[in-house]
Amino acid sequence: MERPPQAEPVGVARPAAGFWAEAWHRFRRMPLAMTALAFVGFLAAVAILAPAIAGTKPVICRYKGRLYAPCLAYYHRDWEPVIFATDKFRGEYPRNLAEKDPASWAVWPLVFQDPYRAVRADEWPGRPANPARDAGRPSRRNLFGTNQSGVDVFAKMVHGTLVALLVGFVSMGIAASIGIAVGALAGYFGGWVDAVVSRTTEVVMCVPTLVLILALLAIVEKPTIWKMMAVLGLTGWTGISRLMRAEFLRLKSAEFVAAAGAVGAGPGRIILRHILPNALAPVMVPITFGIAAAILTESGLSFLGFGQPPPAASWGSLLNDARSNLRMWWLVAFPGTAIFLTVLAFNLVGEGLQKATDPRLREARK
Amino acid sequence: MAAELDKQPPLATVAEALALRNDSVDHNARILSALGRLPAAGQADLAARVDRHLPADLNSTNPLLSSSAAEQDVLGLTGFGLFSFDRHLEPFAAAETVARWQTSVDGILDKVVLRDDLVWSDGRPITAHDVAFSYRVIMDERVPVPAVRSGTDQLRGVHAYDDRTLVYFHQEPLATNVWNINFPVIPRHVYADTWEDDPTLKDSKRHVDLEAKPVCGGPYEIVQRSRGQEIVLRARDTWHTVKGKRVRDVPFFKEVRFRILEDPNTALLALKKGDLDEMILTPEQWTTQTIDDGFYEKNTKATAPEWVSYHFAWNTKSPFFSDRRVRRAVSHAFDHERMLGTICHGLYTPCTGVFHPTAWMATKKPLDPYRQDLDRAEALLDEAGWLDHDNDGLRDREIGGQSVPFEFTILCNQQPMAQEICTLLQQSLERIGVRVNVKPTEFTVLQQLMLEKKFDASFGGWGAGADPDTASNIWATGEGRNFGSYSSPEVDRLFAEGRTEVDRAKRAEKYARIQELLWEDQPYTWLYWRNSFHGFSKELRGYVFSPRGPFHYSPGFGSLWKPAP
Amino acid sequence: MIRHLVRRLALGLVTLVSISFLIYGLIRAIPGTPLTVVVSQTDPSRRLNPADLERMKAAYGLDKPWHQAYFVWLGNVARGDLGRSISRKAPVAQLIGERVGPTLALSAGSLLLTWLLSIPLGLYAAARSGRPDERAIGLVLYMLYSVPTFVAALALQVTFSIWAEGTPWELPLFGMTSGRAHATTAAWLGDVARHAILPLFCLTYVSLAWYSRFINTNLQEVLRQDYIRTARAKGCGPLRVLVHHAFRNTLIPLVTLLGLSLPALLGGSVIIEQIFTWPGMGRLFFESLRERDYPTIMGLTLLFSVLTLAGQLLADILYAWVDPRVSVE
């Protein structure tokens, strides 16, 4: 007797790899979106490696027989090796390393500039001090020029990338999570849940953000940009929640929801698995724009005095420096271009995400 | 003033001065000397209009409620006053309003006889009763005018004996009495019935109406006021011509329009375009935005020293700054050269204490301005006990059994220059093991914290008052503006003596000694004296600078004119 | 429906009272009082009598505990009296009333302009999605979005006020009117309109990218629906599909946006108002915060809150009208 032919694994659909894995597969095939994601990744790399890209402290050095990493001071003040203070380096490494220990060596950052202060004359042997005021045009030593105080713009932008990225993600992350959750619940359950949630949303909407920030600033001892962003996130979710709620109101009477209910899906599953993927479209734009807008908001806040304490290294503070003297076009051009590229990138990623997670597209590909 | 100016021959002709660019001290002197002249007879265009700049709107047009500098600009032209001070900050009685002024030998009385040809803008005569009435209103507890009341409350009384005669009674024969008699005057016939019903002078309907169109006693009256936009003044005939006779000089402008522009960039554009005839320039605008053809086409600019100085204020009650050596150390550690050269564009001069070197009360002893000397600073800190005991890179000291690290916060306002200077302090001190946190603070919060003395250090500035005794507000023990709680019995004694000493030379000695003592103690780290920078249209003439700028003295704006075509 | 409205109005009143209580507490907690401002503005050469300051405190109602002062304010508001501004020495209602018109002129104009431009842009982008011309337009809009307002404002001022001086292209540098008397109302309106062009442009250009992307994204979502496929299969032309079938189904999010924009109508932008010296509410709010002018701050907050609540109510009513499946009860 012949054995029945083995089922050949040809043309058989792979087992479903899960919603997000599938979405990632589709995302990977969109060149524009991938480029944008790569750009975001590049920014993240710059943010993390900032002290190695631009700084006046060695990345690693060998001094008096031991290895040190002074550049860590850029991450946190306390991480600067104490020996350099006791040996009276006074913040100037190149000359002091050579003088105090001829056997020392150091690996320097790519660009010898500091994001917080102007480089003094002869700090790096043979180099003049940073130009200041109008003379700070982009040049060989100062790729993006310097601001009024003589601080290098390139260094400021590199070190400000971390703030730029996180500021958007932190505030939008908070706002989006709260907004989506709240809006979904209100729209889906309706009735008194909706009433309570909507009234609470209205209360939060009515509080002027400026008053809140002013109050926070005055009360808090050390106002940092993170506290500001937390405040923005905690007050900025209302628009997203209203958009979500409207979508849920619309979709909860759709056929597929009834179908899911008939099959026995509970409210949680219906909300998360069925309605939410369809309801994300209206909030994509507020979220992706919001991440980039946070950078501009940070600039506006520091203009009003509510930003990072000086000397701040952020793209927004560069825009503020430009305010009093727009002849120094490099103070606007470089941060402006960076913001433009970031807006573009986030929007392309958002677009790609939307296409990749659209359930309808998934069916279409089959 | 005309006499004084005539004594100094012009350094250039008008045409030359107009063609000059103000890029050196010499050019500046020429411009001021050629263009800052009073007109010869008939030279001025009496029908001229001028557009002036106001950075903020007035809060009130009632001279009693005025408090800010913007109000001084406007109300100085519309208000009625008997006394003022001149370019050298010497007090005098205005010949336009006063017929005779006598001080009694014992210094307790001042008798003033008003002229008989003074008229309010509504036609009623100005009398001594208006002055006495104003005094009563100012001194009444229910009226909220603390700004105007200070000084006036030092008088024992003001009495009008008839329509023209006034006597001011003082409590003691002090050299400062002459300043207390200078308070604003409101018309009695307008406010007599209304002020008691509404002592706040701004609530009742009548008072609100008066805000829009007040009754003025000065050369100009307010004819139009758009909130937040502009205020228009017109010269009133009843000032210079009474009963058909010319009794006073006609003011040089027929119409003065104050344009309210908050944004300095817009204001500069307006000046360049010709929409404004004058404005105060920021140092940044002076060095970078007023140097090209576009600016010099219609305008020129001038500068002169002003008695305004900026400083770091130390709270002598804080654990960090109670020791004089620490304060001196910080003064030594700060990079003064970089501040003066870069942040201040090389425009300012270093400040060596409370009085300007050109003032009559300044010390004649040469005081060396501080220069950055990190070694000296470290030596002083070591001596004061601030060493790095726990080897963490930060100096510390044991206070009350606990190790206190030398880390403090400095408050400043939100201006970019203030932040830059405080950041420079942070960087200078970082190099010697002291950590500074710079906290730009909203203006009102900053004032509140200073008043409550809740600070370690702050950055700020003072403008000098006309009389050196005003400095006692800041330095005498327990006084209102002594935010740093500085206390020196000798300084207190010298201030008290200076008040009663009438001989100018002896007074000067006392204040000179105060300046030297304060300089040794360094309760402030004095940073620089500021200049005043002003942009003027090429059509304007007659601007003369005083230690309080071109306008805040007599004649001030009154000396400006435009030539007839 | 009526019962629902009445219930909403009653709840709205409760919300207003709670908001005003919260805000009042918050602004009283911020350090600094109107008195601080008075003291700081006084010439340093003048000594201030502490007894005087105490009296002024009482005159401003600052000596009472804040919740007491709040109820005084609430009582006055119930009687229709918004109080007197502390720093500007004029009734709050008058101050706000003066600014409503100018603010509305700019914000309503900007809103209208934004919608008028964004809808066609969004439709076009959805129709030509992915094509080079759509990408190019998108790039231009993102670039506009990235230009900070003060840069654009200054560039426009220099171009149209300074360089264009003397030409018919010249536009006023600042202010709402030129201050000269006008013969007719039409002439005055024309003057205001000329002054409004630059600030309007500055207000609008930023939002174009956002709104057109918003419409585009929603349209994309709708265009993938089955009924669109059906319509296309039935032979509907692309324009009809887009405008008649697809766009109507994006109206719900648009209604939400409309409701959210209502308070912005009287909000105003501080930066633009400062640069162009436009007498708007944004400046009033910012300055009264700085001066701690409690009556004005409360008056403005009340106004914004009323508009916010009205906006939400409007949106909820419109949902039911736009999409019959949605019921708001």
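Letters A, B and C mark the chains in the order given here, with residues in each chain numbered from 1 onward.
In this text, a residue touches a chain if its C-beta (ideal position, glycine included) is under 8 Å from a C-beta of that chain, and two chains touch if they have at least 3 such contacts.
Small disclaimer: the values here were computed from a predicted structure and weren't measured.
More contacting C-beta pairs link the chains of B-C than the other of the two pairs A-B and B-C. With centres taken as mean C-alpha coordinates, the chain found closest to the middle of all protein C-alpha atoms is C. Inter-chain centre distance (chain A to chain C, centres taken as mean C-alpha positions): 27 Å.
Note on chain placement: the centre of chain A and the centre of chain B lie 46 Å apart, centres being C-alpha means. Chain B and chain C have centres, each the mean of its CA atoms, that are 38 Å apart.
The multi-chain contact residues of chain B, meaning those touching 2 or more other chains, are 265, 442, 445.
Within chain A, contacts with two or more other chains are made by residues 214, 218, 323, 326. Taken residue by residue, chain C touches two or more other chains at 30-32, 150, 154, whereas all remaining positions touch fewer. Of all the residues in chain C, the ones that touch chain A in their complex are 11, 15, 18-19, 22-23, 26-27, 29-32, 139, 142-143, 145-148, 150-151, 154, 209-210, 213-214, 217-218, 220-221, 224-225, 252-253, 255-257, 259-260, 263, 271, 285-286, 289, 297, 301, 304-305, 308-309, 312, 315, 319, 323, 325-326, 328. Residue ranges of chain A in contact with chain C, taken from their complex: 195, 198-199, 202-203, 205-208, 210-212, 214-215, 218-219, 238-239, 242-243, 246-247, 249-250, 253, 278, 281-282, 284-286, 289, 296, 299-300, 319, 322-323, 326, 332, 336-337, 339-340, 343-344, 347, 351, 354, 358, 360-361, 364. Chain C contributes residues 30-33, 36-50, 52-53, 55-56, 59-60, 84, 87-91, 94-95, 98, 150, 154, 157-158, 161-162, 165, 173-177, 179, 274-277, 279, 283, 290-292 to its touches with chain B in the complex. Note for the complex: chain B touches chain C at residues 59-60, 65, 67-68, 141-142, 144, 146-147, 149-151, 153, 200, 202-203, 208, 211, 226-230, 232, 257, 259-263, 265-266, 269-270, 272-273, 275, 294, 442-445, 447-449, 451, 462-463, 465-467, 470, 473-474, 479-481.
Across the complex, chain B is touched by residues 77-78, 80, 82, 84-86, 90-91, 116-118, 132-134, 148-150, 214, 217-218, 222-223, 304-305, 309-311, 320-321, 323-327 of chain A.
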